[in-house]
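Heads up, the next two complexes both have chain A, just with different partners, chain B and then chain C.
What follows is the complex of A and B.
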């Protein structure tokens, strides 16, 4: 168990580091995917199968592809034109902010009693069922708000695309 | 996995614990890889023979009896060919792409119940895992296209990304119905939910619609003709694998075929009752009979794939995307409503009738809306 955990952690940290240090944007994205895979692996290791699968489905299947499209629309993908590397300049500031944030999160997560308060029995079999039930009972308002937001974004995208069509 | 571990401990208690554990992990992997690689080799032969028959020629008939050893010859030929990497290519990514194409295809096999009591890993979110992992192939295809530094490769890669992302949506929506019916995400659970006379989900109105949607999306997802736009030979040479030769090319072919087989396996599991069939519950030989049933059904799906490949021309890009978004997705959404009607109907007959009527109306309306569109002559923005 520890060996698996250490290997996975090493892969995850390596992916994260490469994602911010590599110069080529596509390489950065691939490193980011490696990082996502590592996180998904951690979820599987912790027996949170559902979270692991959703991590793959959303972060690798959707977010990474979205970033990919964004990258394909930019110039200077290889990172050779001008500018300092992503680690140049005020890197110590970034490290400081990241450490502070992570530290604060650790402190508050440890202090909070949210986990013990969770009423939901996180049994192996029933996780998905429980999540489904909660989504349409306790959390139905946030769910609906998200649905409305996404629909609005979709309609907005269509409207923008239509305007361009007219201009031609 | 646990069962094998217990068997080893029972019959050979002298074996050290760690070795037994390693065996229990590696044995299912070896079996699955071996079986499905054989099926893959056979499939290439069957496909070429069947396509030959459709096109009024003989297909491979020189190597071995009726050309049966053709896959071996192909493999050897590709192994010994020179591996050419374009000078401008991104070497590392160019190398990683073909390897990564094969990985998701095999990973899906981990949750496919091949026979009664034989599934490599019985995850309780099996189907979700399969759907999630199979999206991973997009990145590999994109890596291949991008790393080749070739316009045709990049075009093929962009096409494949757009295609897979579009077809993912109706595919998952079609699968939702099955999950509603079975009440579980586990692949074994879904198979067991299809017990009984005409219990297979494909025999229900919503199941049939979901099956057709899922099958079409699966074909599009693994980019097989008529949906093989990412590697359309007549338009963009060979798409994302234009710059690949030798064994890397073979890996791409293998990834495509194994993905086709695994998607077929998922289809069989979800709609055709998986390993269930007469005799699959017999005490001693049940596992063999059930494996036979599984592979027979898989064979039917594979033959349907080849048949579609041989008889339909390739679709255009706008047809491809319009088909997914304007026909399959709305139909899949209506299908979920039909499933809800079935679920809450007072008795089976009412549920049958009501859901069938809803679906028939939806299909007729959607087809009406989608046919008869004519397109204006295209104008290109960047050509004056």
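What follows is the complex of A and C.
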């Protein structure tokens, strides 16, 4: 268990680091897909198999392809715009803020009494059926609101992306 | 046999910090959006971790993570549409060149 956790964590952190530091945007996207796979692996390890499948479907299947299209539509795949340093050459400021945050979080996590907590009882596997039942009973209102939100986001995305074309 | 909760919390914190670092230092708006996706995923991982370690037989944590994923998907669709719109306007996706509102 520990070895699986450490391997998955190494893959995930490596993917995230590469996605943040590589210069070529398509390479960044491939590293991001590696990161998403690592997170999906963690979900499977945590016995949330439905969420793992959803993660693969939505993030690797939809969001990654969406980002790829955006990269292709905005042309600048590599070169000066793919690089670091947006704070007027003071990129170390961003790195410093992020490192400080990570350090602070580690300190507070270590102080918390939750640190050594072990998993609750025996988590049964394969709760997909139960999730489906809950979605159309207790959670039906949030589900419908989410459907409205996704429709609004879809229409909004189309309107925003088309707007400039009309004016030209 | 299983890993203590603290390991996962530190992993989530480190992933969030990496995403924050990318969002603060990248020039390209699409790269900034990718960093935001990393931060989103770190937060969702934390939801699932807390569900796995602290649930009392309930599935609320998984449901919350599910809705968080749906919101993140809507966010990335609108965000990328905005990036494309900005690109049409400025002919660039460099966040340093978007300074029309600067006083």
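The working rule: the second predicted complex is superposed on the first by the 103 of 168 C-alpha atoms of A that agree within 3 Å, B and C clash if a C-alpha of one lies under 4 Å from a C-alpha of the other, contacts with A are read in each partner's own complex, and residues count from 1 in each chain.
We adopt the following convention: a residue touches a chain if its C-beta (ideal position, glycine included) is under 8 Å from a C-beta of that chain, and two chains touch if they have at least 3 such contacts.
Computed from a predicted model, the values in this text were never measured in an experiment.
In the superposition on chain A, A:160 makes contact with chain C only, while chain B stays out of contact range. In the superposition on chain A, A:34 makes contact with neither chain B nor chain C. Judged by the touch definition given at the top, the superposed model places A:128 against chain B, while chain C stays out of reach.
In the superposed model, more residues of chain A are touched by C than by the other of chain B and chain C. By the document's definition of touching, of the two partners only chain B reaches A:49; chain C does not. By the touch criterion defined above, A:139 reaches chain C but does not reach chain B.
Once the two complexes are laid over each other on the shared chain, residue contacts for A:102 go to chain C alone; chain B is not touched. Put simply, chain A uses residues 50, 54, 62, 69, 127 to touch chain B in one complex and chain C in the other.
Remark: chain A residues 1-2, 5, 9, 12-13, 16-17, 19-21, 25, 28-29, 32, 35-36, 39, 42-43, 46-48, 50-51, 54-55, 58-59, 62-63, 66-67, 69-71, 73-74, 76, 81-88, 91, 93-95, 97-99, 101-102, 105-106, 109-110, 112, 114-121, 123, 127, 130-131, 134-135, 139, 142, 146, 149-150, 153-154, 156-158, 160-161, 163-165 touch chain C in the complex.
Remark: chain A residues 24, 26-27, 30, 33, 49-50, 53-54, 56-57, 60-62, 64-65, 68-69, 72, 124-125, 127-128, 168 touch chain B in the complex.
By the touch criterion stated above, chain C contacts chain A in their complex at residues 1-7, 9-11, 13-22, 24-28, 30-31, 33-35, 37-38, 41, 44-45, 48-49, 51-57, 59, 62-63, 65-67, 69-78, 80-85, 87-89, 92-96.
By the touch rule above, chain B contacts chain A in their complex via residues 90, 93, 123-125, 128-129, 131-133, 135-136, 138-139, 142-143, 146, 158, 161, 165, 168, 185, 379, 381.
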